[in-house]
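Listed below are the structures to be examined.
Next come two complexes built around chain A: one with chain B, the other with chain C.
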Partner chain A sequence: MNWKDFRLSFSLLVLCRLLLAVTPYVDSLELDHDHQLSSPTNSYVRLQEGIFLYKHDVDPYSGGAFYHSPLYLSLFTTVLPTSRFLCRLVWTLVDALGAWALVGIWRERQTLESSSRDTLIAAAYLFNPYLFLPNLALSTASFENMLQLLALLFACKGRASPALFFASILLHLSLHSVLLLPPFILLLLSSPHSHLVNPKFFIAYRNPKASLGTALSYIGEFLVYAAIMSLCCTTVAGGWGWVEKTWGVVLTLPDLTPNPGLWWYFFTEMFDHFRPFFLMVFSVHLLMYVAPICLKFQHDPLFASFALLGVLGMFKPYLTLADPGLFLSMYALFPEIYPYLYHPLVTTLLHLHAALLLPLFHSLWLDQGTGNANFFYASTLVFGMANGAAMVDAIWAGLRIAVGGRQGEDEGEIAVVQE
Partner chain B sequence: MTLALKAIPLPLLLYVLGTVASSTPETFHEELTLRPLRDGKVISRFSFSTLLGGAIPRNPDVLDAGNTPQHYSLFPLGLGQVLREYAATELHLSLNSGKWEYDRWGYPDEQEVGTGAQLWAWIGDGGQATVDERWKGLRNALAGLFCASIGSLDDQRTTSPTLAFAPEGDLPAWPLPHHLRHATLPSENVCTENLTPFLKLLPCKGLSGLASLLNPHRLFDADWHGMSVHVSWRARRGVEVRLAFQAVFDPVRMSTDRKRDWSLQSIFDRTIPKACPIAESSRIAVELPKNEAYAVDPRPTSVQDGVAVYDTSQVNDLDVSLRWPLESVFSYPLDHPAEPLSQVSVQRTLKGTSQSRGQLSVSIANSLPSEIQAIYLETMPWHVQFYLHTLKIVVDGQARDDLLSDIAYTPPEPHGRPALLESVLTLPPNSTTHLDMEVMKSFLRYTEHPPDAQRGWDLPPAVLVNFTPGGRRQRLYTRTLLVDLATPDFSMPYNVIIMSCTLIALTFGMVFNLMTRKFVVVRLKKGEKASKEKAD
Partner chain C sequence: MRLFTWTTTAYFYITFCLSLLTTTFASDGATSQEAAQDFFSRHAGPENGSNHTNNWAVLVCSSRYWFNYRHMANALGMYRTVKRLGIPDSNIILMLADDVACNTRNKFPGTVFSNQGRHLDLYGENIEVDYRGYEVTVENFIRVLTGRMDASVPRSKRLLTDDRSNIFVYMTGHGGNEFLKFQDNEEISAFDIADAFEQMWQKKRYNEIFFMVDTCQANTMFSKIYSPNVLATGSSELGENSYSYENDADVGVAVIDTFTHYNLEFMEGINKTSQLTMQDLFNTYSFEKIKSTPGVHSDLFTRPLDRTLITDFFGGVARAELIDENAIVEHTSGPTTDVDEAELARSEDIPLPDILADTKNSATSGRRSSSPGLMKQLRAWCPVAVIGVLATWIVMSR
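Moving on, here comes the complex of A and B:
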């Protein structure tokens, strides 16, 4: 199949999504108030509130419920529309851009101009319920995912400046994307190709003469872009109050609105005396995954960033369905590990279980009043187990593939164990 | 004290009081207003005002210089000390219980009828302590003085509205401006232990004069009751403390024969034994019914404009009664009155069954033939957050967003200050204006829930300030609301911590197992020695 076929099928997929976005039935579902699909940091209703306050000369960061970055304020008061109908179209196009970036990453990994799996990968992103439902709820997590994939695409292509630029914008939308900076740098220096089967120490394929200095120059460029973005944010917000309300919010968790993540109920039930300690523990816990995963997967930095996205998709403070959704869609990029997955059926069933229980128990607790908070909390624990199973299985398969011998193991001649 | 008074002959007492009064002129006036209503109820309003002539509020700049001794004879010493300690110029405290029905009872004589405790004060800036520090001290001192939990009107309930609460007296022209602090506690209960210190602030206490009618058994049985303390300064007169008690009684309920005849004995279970000798003026005003046959007993001192006035400066066991001799049994009027008792009325409700969001709905009815400009004030604790962009105004079915202007909004801080929404609302004539706004209900931390968490949180009343044709500001209070917030399971902190941490630790452990361990291939050929081959 040549490129013309993919263009056609991709357009068809996007058209289907557009049709889904404009059906009046979706409006009646009132998805934008759903706590699974949008969290306080990426809710459309709060974005509207912030834009309204900003337009009426009230500082949206002086209090209240607005936790979005000032970049959204500047974007929606100038370029992007604020009416609901047009926003749905914009969000669908954002998702389409993310799907296109995912296909581009796949093509870079396989060094192909086009392949027969392109349509499947685009469909895996566009029709993943974990991704299109938050998109229909107009959650700004779609923007975050799109920027993440664009940054990864340019990093795979080896173009440092666009990649670091998109990464710096993403830093302002979601502080925890800074955890993906190390595999980014590694990806810029090496290649996106699959070296899972024969792992070696890190080889800077793109630039054999690269040294620590090159890496530091990339980091420096990223910091410069981030500083420029910070100055833009300060100009838009008219002060430095936005820092506490955007980055500070994910570190101090002032808003305890329920979401599918693990933080909210933990910090609801926490006594005040221990709050700062556990906030520190949870944040440092995320940092701890970066170095080991990057070291272990130094031969394949794209897989390292995939694994870290899995970690983020499970342990982020204000989680929505879109964060593990990105991780699950990126599974499509690594078909080589499928034979080595240890428990794919268990993972699928856990996800199905959680996906059915989460909205049910949420509605029982808050809308109907016949359940209590524990029901929803239990379903978030199941969701956490599902995400954990998916992430651990991916890492296992990524390491196990280096040993090989699938057939021998199936026939009972050999056994592969860990020691 | 009473024995001593009886021992000293009256002329000597008056001479002593006269000399004391001439040095710092203090005067005391008391008044009781009784108004019977169409539905058989009686509104009674006591007003005791003590004027400290020529006094000036204390300038906060001289707070550090130490207090000059103040000699009061009639002015309440406890309250005076509190005012001077925290340099408050104007103070209004009200403790009310019940919901004032504007439609059935009309406009109250004492305007501050919001349920619960409300305290607002104009405090001058200056000196070492900030306005907020002195506000905190003032709250706690008043809490001790009145045995009410006014001290819990902390940062989570204090706001500074700019338009709605203008000073009722004058503010001294000091170099630094005055600031307003306003706070409400809708869930405050009012009872005898608030009335007792109230009576202690009066010169005659509860022993003589009109204050002897304040019988707590009957007052707290009333359909609505509220006490208030107002301190203000007039430039040419001095500092005035006015203590008021307002109550709505139901004589039909209390009578044995279903008649609405009442007397002081039947309402208060007391009569006035003797007059307060220190009062410069003391009177009872009874509003007489119109278009009905009535009998009022004893003969009033004068009748002016349908109001019977009794001069009670010299009485001995006075009992005023109002009877309807031609009525055998009172029948509650089922038709609407020809003219509504209140021309502007406000209703506020919180709609929605979900514990995550709701809708705040306010409807204001204007039955006057002219347009009114009113100030709408909403101070909402952070538990309920407004979505201001969803505010819609509908008048008789038509959307009229132009009626709301000059919106001043201070967003709330989670676990901190309340939201303040103050705006100027234009009410079209003969219509009902509906304001609807979506709100979000917050999720509180474990330690922030009160012990009876399932009861819900009381939300303070909204205030509508409109300007009467006479130029007076009239404040209308809506009812307080009860919001039901989602509660976590209070028995589970340990369980939640261990379960969440177990999941995190298991995932962490599995991932780091994979990171740190090596894979080893073990050959399982039958009969042969197993040989190890290191592979990574």
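Moving on, here comes the complex of A and C:
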């Protein structure tokens, strides 16, 4: 048995995760009510509520408790189980699929069939606490991450239809994934390889005769898939009420349950007549990152989507730990920037700091009552700073690598293929 | 002859199909309604039938000045009883027209007693008076009942009932033929109360009301009520006075009225698990004890009095069912229950209901017919099927 064989080590990692999922101790932690691990749009408790209502002929979107997409309703009333134990297994398999997709993206980026770093990358996804804790809490953010990585994988492979299909399903689970469509299209037209060292204007490597028309045809195909999925959603939900309650929720923020994000506290203390204005400001704030990042990293669209995932992992309306978790795990795909990171230690320490403060202040506020919401909001600000530091450092290194000159660039086991 | 048999066969066949169809669609229609009805009747059983989910109390003392100490004590006695039996402060509207506990003539400041010898302080440390002093007016009382208030009125001063609330309305003070005096300068008439109750009925603000009045000629106050589900009782007939019960020598004034005193005495024997009925309460009324003729107006009340529990109005009994946390959400018409019988508060004289049999009955009685269930299954499978088809098509066509 070759321990370095990826299939073996991957199976061992997945086995470890399965064992973790079925440990009875995990049940006693009551993770699915934890505010850091799941938010109203991806909480398992609300999913069960919606499925119960749906099964008993009550429209789950008529009240204010259920914000999941109708696709979840159909999935869990047909093929997937709803019992907690089986759901843990399903969620672990979802994470395993996401890890496999991440390894596939790495392999596409290096044009390798297998490499010695595969196991490390799979472990970076499977054992990232920001990812496996929401997974144990049965947050549906695991599904979103898995679909995101699958779509990126197929985009890296250059297969437009599967990539756009998964992206359209992801659009229904999380509206903000549409921000990743531009780098997707760029990735489909060019290559996933690392061009960070050599920034040039955008070259459509895969399809030299590509034009704006090709990009528009990709967008059109995406819209067709999205429209088909919308019609399916309407069939399940029995009307168009789901649009307001799934996509509308992330735009109008009716539910102000605390989460590690930056929106909820702002809107708890806002006067009503300012609300539409600030909702617009926060949403446009997300939009405005797309164009600059895509323009700046047009030579390496995979890196651009990585940076945009970092932006989403900071500024999403209903944030959980899984969103910056995906960003941090994807750091493993870009080892060429490690010598150029300006403050990796500060970022790590900020993350440690935030990881200690978030549960502490949450408990101090809501369990013991000796603190108040400001405590928890301060810890989410620290968390935001940590994510911001990680993102800014990644972008800085991605740009700085083009200048070069750092020692230790070509040392080490892996010579990163750069063009 | 053959034509006759054909037509009759056809006729019977069509009737049979129509009846099958109507029973199909008739039985499926309101499964969620059936589930709700099932929930209410399951533990109430055939003996009870009360379908309220929350209890409220409106306790009004409408007279001021020191010599009306007993009216304050009446209201506070009812307040204490109602709180003891489980209605929380958030569901009680207490209106006291004057503050006798902190009156300068009160030899025992900060206290209100309702018996000779001052054995029990009704004021205590934990009471919540919602309308006090000059806020106790006819207008405020009617606004409380009907819910027609300015948006600035805080929640603690509102009667936030719904159509499954049982309300206990208690009024005490000075009254007469079809009126009750408020604050010595205005009066509310029996017609006003009847109209207020009717407004509440139209707005679905109550399930059942128990209206108790302790004034002179009190029975006239409920004589004009015309809304359903109202049970009323008063302390004295037209032309009769209601009397106070006893004086306390050191307080110096009468401390309680007879009608309220005997009601409270009956209530002292009641706790939250009591199964005593309103009929038992009314059976204790007698002219010899109360010195006036109490009246009971149950014409508008739909349930039989010997099946109506005291705690339906005076208590805030919560019915809790423990649900197995790991239960699978299944296709049943009612929620699966796994009731821990040892934790249910039931008195020893009532046999424990057979909960398992009830669950089985509810499951079989509420089963949906197949046709709409099939449609729902098809609708649920639609996205999964579409995703599967699209995925295979994409994989196939490289």
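For the reader, a short list of remarks on this structure follows.
What we mean here is this: the second predicted complex is superposed on the first by the 402 of 419 C-alpha atoms of A that agree within 3 Å, B and C clash if a C-alpha of one lies under 4 Å from a C-alpha of the other, contacts with A are read in each partner's own complex, and residues count from 1 in each chain.
Following the convention adopted for this analysis, a contact is a pair of C-beta atoms (placed from the backbone, for glycine too) under 8 Å apart; a residue touches a chain by one contact, two chains touch by 3 or more.
Worth saying up front: this structure is predicted, and the values here are computed from it rather than measured.
The superposition on chain A brings chain B into a clash with chain C.
Once chain A of one complex is fitted onto chain A of the other, the partner contacts of A:48 extend to both chain B and chain C. Ranking chain B and chain C by residues of chain A touched puts B first.
By the touch criterion stated above, A:57 is placed in contact with chain C alone, chain B being left untouched.
Once chain A of one complex is fitted onto chain A of the other, the partner contacts of A:394 are absent, as it touches neither chain B nor chain C. In the overlay built on the shared chain, the residue A:165 is in contact with chain C alone; chain B does not reach it. Look at A:186: by the touch rule set out above, it reaches neither chain B nor chain C. Of the two partner chains placed around the shared chain by superposition, chain C is the only one that A:70 touches, whereas chain B remains out of contact. Look at A:386: by the touch rule set out above, it reaches neither chain B nor chain C.
Using the contact criterion defined above for the overlaid structures, shared-chain residue A:225 touches chain C, although it does not reach chain B. Using the contact criterion defined above for the overlaid structures, shared-chain residue A:238 touches chain C, although it does not reach chain B. Comparing the listed stretches 63-71, 81-89 or 117-125 of chain B against chain C after superposition, the clashing one is 117-125. Looking at chain A, you'll find residues 48, 51-52, 56, 58 touch chain B in one structure and chain C in the other. Interface residues of chain A facing chain C in the complex, by the touch rule stated above, are 48, 51-52, 55-58, 70-71, 73-75, 77-79, 81-85, 159, 161-162, 165, 169, 225, 228-229, 232-233, 235-236, 238. Within the complex formed with chain B, the chain A residues making contact are 33, 35, 45, 48-49, 51-53, 56, 58, 60, 62-66, 199, 254-258, 262, 264-272, 285, 288-289, 292-293, 295-296, 311, 314-315, 365-367, 369, 372-374, 377, 381, 384-385, 388, 391-392, 395-396, 399-400, 402-403, 405, 412-419. Here chain C touches chain A in the complex through residues 31-32, 35, 326, 328-331, 333, 376, 379-384, 386-387, 390-391, 394-395, 397-398, going by the rule given at the top.
Within the complex formed with chain A, the chain B residues making contact are 353-357, 385, 387-389, 407, 409-417, 419, 440, 442-447, 486-489, 492-493, 496-497, 499-500, 503-504, 506-508, 510-525, 535-536.
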